[in-house]
Amino acid sequence: MKLSKDQIASLNKDAAGGQKSAYEFLSEALETSGHDVGDLTRQIADFQIAIPSWALGAGGTRFGRFSMPGEPRNLEEKLADVGLLHALTGAAGAISLHIPWDTPEDYKAVREQAEEAGLVFDAMNSNTFQDQKGAGETYKFGSLSNSSEASRQQAVEHNLEVIRIGENLGSKSLTVWLADGANFPGQRNFQRALDRTADSLEKIYAALPEDWKLFIEYKPYEPNFYSTVIQDWGTSFMLANHCGPKAYTLVDLGHHLPNTNIEQIVATLMYKGKLGGFHFNDSKYGDDDLTVGSIKPYALFLIFNELVYGIRNNPDNPYPAWMIDASHNTKDPLEDLIQSLEAIREAYAKALLVDQKALESAQMEHDVVRCQEILQDAYRTDVRPLLRQARLLTGAAIDPIGAYRKLDVRRHLTDQRGRETVATGL
Amino acid sequence: MKLSKDQIASLNKDAAGGQKSAYEFLSEALETSGHDVGDLTRQIADFQIAIPSWALGAGGTRFGRFSMPGEPRNLEEKLADVGLLHALTGAAGAISLHIPWDTPEDYKAVREQAEEAGLVFDAMNSNTFQDQKGAGETYKFGSLSNSSEASRQQAVEHNLEVIRIGENLGSKSLTVWLADGANFPGQRNFQRALDRTADSLEKIYAALPEDWKLFIEYKPYEPNFYSTVIQDWGTSFMLANHCGPKAYTLVDLGHHLPNTNIEQIVATLMYKGKLGGFHFNDSKYGDDDLTVGSIKPYALFLIFNELVYGIRNNPDNPYPAWMIDASHNTKDPLEDLIQSLEAIREAYAKALLVDQKALESAQMEHDVVRCQEILQDAYRTDVRPLLRQARLLTGAAIDPIGAYRKLDVRRHLTDQRGRETVATGL
Amino acid sequence: MKLSKDQIASLNKDAAGGQKSAYEFLSEALETSGHDVGDLTRQIADFQIAIPSWALGAGGTRFGRFSMPGEPRNLEEKLADVGLLHALTGAAGAISLHIPWDTPEDYKAVREQAEEAGLVFDAMNSNTFQDQKGAGETYKFGSLSNSSEASRQQAVEHNLEVIRIGENLGSKSLTVWLADGANFPGQRNFQRALDRTADSLEKIYAALPEDWKLFIEYKPYEPNFYSTVIQDWGTSFMLANHCGPKAYTLVDLGHHLPNTNIEQIVATLMYKGKLGGFHFNDSKYGDDDLTVGSIKPYALFLIFNELVYGIRNNPDNPYPAWMIDASHNTKDPLEDLIQSLEAIREAYAKALLVDQKALESAQMEHDVVRCQEILQDAYRTDVRPLLRQARLLTGAAIDPIGAYRKLDVRRHLTDQRGRETVATGL
Amino acid sequence: MKLSKDQIASLNKDAAGGQKSAYEFLSEALETSGHDVGDLTRQIADFQIAIPSWALGAGGTRFGRFSMPGEPRNLEEKLADVGLLHALTGAAGAISLHIPWDTPEDYKAVREQAEEAGLVFDAMNSNTFQDQKGAGETYKFGSLSNSSEASRQQAVEHNLEVIRIGENLGSKSLTVWLADGANFPGQRNFQRALDRTADSLEKIYAALPEDWKLFIEYKPYEPNFYSTVIQDWGTSFMLANHCGPKAYTLVDLGHHLPNTNIEQIVATLMYKGKLGGFHFNDSKYGDDDLTVGSIKPYALFLIFNELVYGIRNNPDNPYPAWMIDASHNTKDPLEDLIQSLEAIREAYAKALLVDQKALESAQMEHDVVRCQEILQDAYRTDVRPLLRQARLLTGAAIDPIGAYRKLDVRRHLTDQRGRETVATGL
């Protein structure tokens, strides 16, 4: 199923009137405060977020999974789903693949399908946390950090293969998420596991094409419940430095202990030029992988405030790779992703509104009250007219969820794919 | 120092134009969605929050305290400070006293001063967590739960005295916060301490005037760091039921373990008709006592969503007593309280905007996506024009912090009271 | 596979010498401090813990599962596994079944097999968190709390069926664990969900046989990640009171927010006569379901200190139902359970050693240092000679894991059942 | 007040018999498992922990403080208190001073007093979290990270002065704990604050004598409740690397977010040769500063397991500086410190018992069950006979708290110093 520009334009007509006046009223207010609204709108329109191929079906927990009709059955259908998202939102111009779940059979066809939908291939993802059928070695006790050399070697080679696949698709980065760790004290020697991890990453890094980046993800726990070998940003940062200049830390919002000040981590990494990628989701308790902005939207805004600051002030830091990494246990995955895309752009837009000059001046004067007022003035602004305008600019839907429902997309997908399909993924 | 209506009206003139058009634009949009904006504005204007007498000076931590010039030196000056807040915001129409810090010498004068400033006396607060000079018994090892009968009796009698003082001022409720607990396992017998607490509360309850309420606060830790005798809402609720129909649970936002779903606690208590009072603040780590809405404004909105629902649907639950309970370590306390008052009314206004009928319908259909859209539509609305209009309605300042600064209030207070004053409190 | 008393006795011979002298040395020390060591040993030997039928195979996470050879394929093999555990440890004299995973076909045969192995049927467990094949209604949006009456009714009837099955086996209690909750704010109305839950539980309670108990479990999150309908002990306790005298709260160690003082909850529930059951496991981050005592053994001891106190001092509280509720992702489940059984009895034994009289006296004198010394004196004692002696008394193995390995149990089970079996469960 | 060897020896006589047989019985068991018990005992006896000068009086919270009679009034009396602790325990052979609270007037006298008591001067501590009377600049908005150059300079110079004082006493290290941070989002620019901190630390580092070390402490929150400039080990490690080879990270057990795996941090730092110092305490909720080992003794053991491993295997890591950093709110500080000293040595002794060779072998075989058994076998051993023997070896008391009470030390101190003394400190 594909959506044409005309279908969307036709739906947009109904909402055009309200949007016009709201946009004009907001524009006037923002221009009065010194903002260039046209520029703001374009920046928002340019902000693109990758969709992971494994998040297009229903997610589950260890207690089970409730199915979703019309799940994509293969890479082609996954690309089609992301294409739908991009057509509706104008914000999902990239897809992030996971190997072995998405190994292409026909590279050319895959590339063409993506190009037609306006999608690029963002970071490639390897999988060394599950045993594949027929695998020679098991990852039950680790992959890149395993005390067994054979397991480590298999994991390194898998990553090299993922790079090769990515090269054929035009991807430029590899994300390594290591589930390696321990469920019990004593199970592993921390120092030796770390040493082996550094060594394995070095080997992967050595095979990285010149124009690629390596993203090293961290996570404090799960699926191991006592320790994870790359438990925090400090460990990831240390390993990235060990590898070299093309290695970076990747921040996933859900991968932190309770109460962590994530925006400060972001600022520190950008200060050092080492923030490579970002995985969006939201959570209340752990790595809950909920819709972005559904639980702590102000924290998301504060993080974007640091990202915007870093993008402007840290020339050594590359432009980060953005990806949504959420699980869809009770919502239609496509609708859920539309909500996440909206929340990300909302936080980005509000961060763009922060009066950085006034903020710096208030900070220098220790005017804490005014610092807070400046941030909250931006946050309290209803930026939805800007987000809608950014979509209008690029031919996407003013109201993407409304359009998705009016066009009855899920029913069409179900008719086409069936009710009992299961997408590869978590 | 007092502010006249004229002083404020004169300052309001400058901002009147922008407010008029913003209010009209928002009103039109809200009326289109079926809201009665005049009624909304009045509801917001009617929402009054008590200021605690102990929060008008600089707060501190166990690592020390940095002073604030012009702190109030006595009850009269504390009343004056709250009067200033109320004049500026129209939202602080009550004061909550703490005994022995605020024991009046001349009840008539105190009542008259309050009345003139438009203030009522909200819940009275007792202090059994510190030893007063010359006290016969120590609270080092507890008060209402102490294994020493003499300490318990002193604590009970102190609470009875607080009630008597409150009666003379027109207060109608007593808040009991117990610091009692243990720093170490084994230090106390949980069951016996709970039993003694129930017994002491019963004695206080027995002395409660007919038209009074007893609020029982809970807190998981601090100042005791292993256990607190009333550690959670369940314990408070159990004790309130033990006492009788005039006893209620009091919720302080900062008194919860990491990740607690507070809005669900609020809903449960109102369902049972047992939510008596509410202490506002915000926090990232523990009982940080930061400005309301400065860290987790969406959580505050979700809590208000339950409060608004309960006020409408739980006739057995009394209208709750609202109070700010924050500490002002680096901000001017009066500016800080203005920010808190604004954040509370903002959350309240947004909760009033939630389309409860549509929400119920979406819930019944298990349309999770739409449920979220409905809540977030209300939350994303910029309600500041409503808050300003509510202030205009009651002669308060459109921009309270701006007015406070233009009128140079802190300088006047400092000139009058001195630079090195220290308010009684924490 | 079954183990005979002779097989075990023969293995015990090797370790008998060391055990004899260690037991005598410890006995002398304990008798000097006033303990009756024979009585202690018998109390330990009498302490029996139920094994859940679903924990005999490899567990997993949402990221996958690594298999374990020789998993039991049906109820008969599960009973055999628990029989092995009981033969080795003398501590696992009960099994807790889960319906529909363990619905017996031949009740008589099942009862006879259990009896022969010395096992009784502990609490029955229902499952309303997964959809069974061919089920008329889905639990995707809840079971006992679902806004759909049909779903609620199906869930209630399932529980009634579980009771009927349990009656045929001689079980005397039903544990209700509700996964019901929400992943997102707004998804459900807290008050209505609670009301429906109370109503459904009432219906189940009404069908409870005269001599049965109903255990209501609580959990703050997972598999729902925003709210759970029975989120904490306070909610469970409220619902148990609503149902009646045969309804009790069940505490699962992993079902608490970070830093919760669980021992105080235990004390409060026993004080009120409402602690019905207990699920043992350990955790560092969330409901990690790790081996009992592997992470926080001192916390376990403090909990047992309250349990022992309550068993002695709260005649209104029934003797609690004990069960292990852990997941075995990387260890052999049977070895893992042996470690859990050992840790539970260790904590119990140490709690029995606490000098309650001296403790009470130190508490009355506010001698905090001595209170701590008394608890830690018990905790620091190496009680393993007592645990071994308790096993010797009942014909179990001095060294259960050693025996399990020497007898090559897993290999025998694998030969018999196969390498790729998967037990029903999580 | 001083304790003579004779006084202690006389008290030891009573307990000598029991100790002799317990030590012999344990020794036999340990020798059988291949331990050299004489060597173990000597290692324990050699383990010395510094006492901070500010922890000899009653601590408090922001809610107040309950006094303790006989608190030391000056540096001389603080040295006397630590001398008493060392005489009783043989474990407190060092004192850690805090400037300006402990600025000596007569260096020679202070050095002689320390020497006579067998004490050395461990790390010096600076104070830039409080304003001293007459200070030119305030630290209200930070010290080494302050945007005000004058404040930064004052803070740097204070640290240089602390070094000079330390040089006169024979200290060899400086601990920098920065309270700097923010209470509110936006209050500070993370990147600039970090940059200024790096710059200030560089200046201090440049003044460090050749044979000194700089310890950089980290802490996630308190006294600032939104962010701390050095929030975690990663930031401290980054800054230490920035400074140079004499700069190290200092770990304080209480300075971590909920559920942090501290032992892994210890292992990582030692692997990199960057663990310089260690502050002991215990906690349940935050930086509770409770008696070491009173809440999570197993976690302490796991940390010591890594420390012992690192001391043996990381030649690049210096031998760490050990210090107790606890607060004594309800216990006699001296008794509390004795309990802490005992808990530290207990954890150390148990870590020495871990069979590292067997553990490595079990780890290589992925025998997770056995790994746990090995650690727990060491942990479950009652090592108190070893600790007592280590004290006997060095002329300290078999039962230090018993001796302290029999000798009525607190009464003597109170008679000498008075009931209402207040020690400088927190």
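Here the chain labels run A, B, C and D in written order, and each chain numbers its own residues starting at 1.
We adopt the following convention: a residue touches a chain if its C-beta (ideal position, glycine included) is under 8 Å from a C-beta of that chain, and two chains touch if they have at least 3 such contacts.
As the structure is a prediction and not an experimental result, all values here were calculated from the model.
Chains touching both chain A and chain C: B, D. Counting C-beta pairs in contact, the pair that comes out ahead of the other among A-D and A-B is A-D.
Of all residue numbers that take part in the contact between chain B and chain C, over half occur on both sides, making this a same-residue interface.
Annotation: 39 Å between the Cα-based centres of chain A and chain B. Rounded to whole angstrom units, the spacing between the C-alpha centres of chain A and chain D is 42. Residue positions of chain D touching 2 or more other chains: 140-141, 183-185, 187, 220-221, 226, 258-259, 261, 284-285, 291, 294-295, 330-331, 368, 372. Those residues of chain A whose C-beta lies close enough to touch chain C in the complex are 59-64, 66, 129-131, 138, 140-141, 179, 183-185, 187, 220-223, 225-226, 258, 283-286, 288-291, 294-295, 327, 329-331, 426. Those residues of chain C lying in contact with chain D across their complex are 22, 25, 29, 258-259, 261, 284-285, 291, 293-299, 330-332, 335-336, 339, 346, 368-369, 372-373, 376, 379-382, 384, 401. Interface of chain B with chain C (complex): residues 140-141, 147, 182-191, 194-195, 220-221, 226-227, 231-235, 237-238, 257-261, 263-264, 267-268, 270-272, 302, 305-306, 309-310, 313-314, 359-360, 363-364, 366, 368, 371-372, 374-375.
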